[in-house]
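Each of the next two complexes has subunit A plus one more chain, namely subunit B in the first and subunit C in the second.
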Partner chain A sequence: MSERRPYLRPQPRTWWAHPPYRAYTIRELCGVALAIYAAILLAGLICLARGPQAFESYRAFLASPLSLVIHLALLVTTLWHMVTWFRILPKTMPKLVWRGKLVPQALMTNAATLVAVICSVGLLATAVVVGAWL
Partner chain B sequence: MSIPGNTPLPKRTIGPLFWLLFGAGGMLSALFGPALILLTGVMIPHGWGVPASFGSYESVLAFACNPLGKLVLLAVIALLFWHAAERLFLTLHDMRAAPAALLRWLTYGVAALLTIIVAALLLAIGL
Partner chain C sequence: MSDTKPKTIELRILRYCPSKDAKPAFGSFDVPYTDDMSVLQGLQEIKATLDGSLAFRWSCRMAVCGSCGMMINGTPKLACNTFLRDLAPGPVAIEPLQNFPIERDLVVTVGDFVKKIESIYPYVMPKVPKTIEEGTYLQTPGQMEEYASFADCINCMLCYAACPQFGANPDFIGPGAMALLQRYSSDSRDGGQQKRLDQIRGEDGVWSCTAVGICSEVCPKLVDPANAVNQNKSKSALDFFLSGLRKESVS
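For the complex of A and B:
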């Protein structure tokens, strides 16, 4: 038996829904929303394997207003995931020293976010250019 | 950092593997996620900015038959599931929603199952 009986401050069961923990909960659930997008892609893969007819109904769903609303909501959560991901990045990696000085965390966050914006815009631009080419 | 001679090395666990998959999925979606969602969910289905033929059965089948295309599909779909699984597990664990072992099966277990399904589909599609 343990001799230690530390005082545990009572915590309401819904602590995660209130500040300061709410921001943490929202950040984590935005990461979880990525699974919905993966599930949509997986559904497309299943329809592709089942044949042209199944894939056409999948395309009809993607072109529907409901799908547009879902994807725009997913876009917002993914952008928030991107912003918060690079805020966490400097806290999870070893300290970076440049010419004897510590690189500020804000600088690393901004630089990494800029790289992400370049990656995403680059991918979109490539798709548009290839589409115009063909 | 040195470890004193009489201290046993920390026990090896499978944890870092999950952490690696989580990090890879998080980085992939942070770098390319917004563009991927816009492309596959908004632009291609409606033919906005790109030809609508990008989303045709023949085009997507050709992409899924290409080995590089298969790799992209497996990486994107499976890593996003593993990323979400890690975050959902930690959040539900913090909320004390259920015993940790049950939560692990419901998150990592589901991610593993879905990864196997994606891999099997990709193997079947090329045949």
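For the complex of A and C:
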């Protein structure tokens, strides 16, 4: 008679809080920060639709120290989200073969990050120039 | 004068005997070791001299067969290419692979994993079959590079032990089987892509994966199973949108 009695150990409930999974958890939570920022922008749009008084109070909120702290924190999380996102980018792409050889994943990450940085700086510069011109 | 006293290291091993134990519990062994000894050799030393009832799987001793995967200090590793000198002074916690049912001591159930591998057609299905007279199927080195890393998988299941989504959903096809799927589906000689895509739809297919990525980090052969799974998410999504346009669905 078989004495098999396989024992399945449950997965620890807090697996996401410990290394090596913690970095993944932080990366995913940065997505929540992006959603919060989108909600702030949406609130601005709603205030704009509701009239000058509502938009003025929205602008007053944006200029408050609390808002500056929130935006600084959101900027940091967004930058981290960008860095980690480009780090996993090569994992989501087909393998690139160039002249019979594999393109290294680190090269893909660096190239994509560089393009993102150039685009961001370009956009910021355009905003500053256009803002000064208007 | 050289120190002649042999060094010892404490190995704390999760033991489970289905006919005696209600649940697994740690047993401790002080094992004499030398600098060239692997964890596997430590286990063999225990079995030979301290406790003959200790059960564990092994075969090649050189990271080729994929039999001796286990959790070493909480990380999935091959016991044969993990050295005791790197774990000194200990103690070292040795457990069976996480996320798999334990049969006995360090031996886990592999049946489901084998079924998953079988389910993805693990062989080349030629687009147009050739006769022997017509010759062989040719491939350039560049075309081989596209799947070469996935062909290095040794089915050691360390990636499954590292995957929290497999832990949450044991029916998830998982990183190892997806690496094998990608090995064949990205082979220029193969024509079985659609049949394999049909096997990996839904939650139990690729969609349980949330790109945690630790599967690729623990892989002893640098197969990069996370890449295999995530490439197939895009393919599976495209297949979903195109499925309504295919001929076989019009009837």
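Operating definition for what follows: the second predicted complex is superposed on the first by the 127 of 134 C-alpha atoms of A that agree within 3 Å, B and C clash if a C-alpha of one lies under 4 Å from a C-alpha of the other, contacts with A are read in each partner's own complex, and residues count from 1 in each chain.
As a working rule, a contact is a pair of C-beta atoms (placed from the backbone, for glycine too) under 8 Å apart; a residue touches a chain by one contact, two chains touch by 3 or more.
Because the structure is predicted, anything quoted here is derived from the model rather than measured.
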### Query
Just subunit B (first), just subunit C (second), both, or neither: which does A:Y7 touch?
second
### Contacts of A:V97 with subunit B and subunit C, given as first, second, both or neither
second
### Query
Looking at subunit A, which partner touches more of its residues: subunit C or subunit B?
B
### Query
When the two structures are overlaid on chain A, which partner does A:G44 contact: first (subunit B), second (subunit C), both, or neither?
first
### Task
Tell me which partner A:P20 touches in the superposition: subunit B (first), subunit C (second), both or neither.
second
### Common interface positions of subunit A, toward subunit B and toward subunit C
16, 28
### Message
List the residues on subunit C that touch subunit A in their complex, please.
### Response
16, 18-19, 23-24, 98-103, 109, 140-143, 145-146, 149, 164, 167-168, 186, 210-214, 216-217, 224, 226-227, 230-231, 233-234
#### Entry: Parts of subunit A lying in touch with subunit B, wherever the complex brings them together
13, 16, 25, 28-29, 31-35, 37-38, 40-42, 44-46, 48-49, 52, 55-56, 59, 62-63, 67-68, 70-72, 74-75, 78-79, 81-82, 85-86, 115-116, 119-121, 123-124, 127-128, 131, 134
#### Entry: Interface residues, subunit B side, partner subunit A - complex
25-27, 29-46, 49-51, 54-57, 60-61, 64, 73, 76-78, 80-81, 83-85, 87-88, 90-91, 94-96, 114, 117-118, 121-122, 124-125
### Task
Sort out for me which residues of subunit A touch subunit C in the complex.
3-9, 11, 15-16, 20-21, 24, 28, 88, 90-95, 97, 99-102
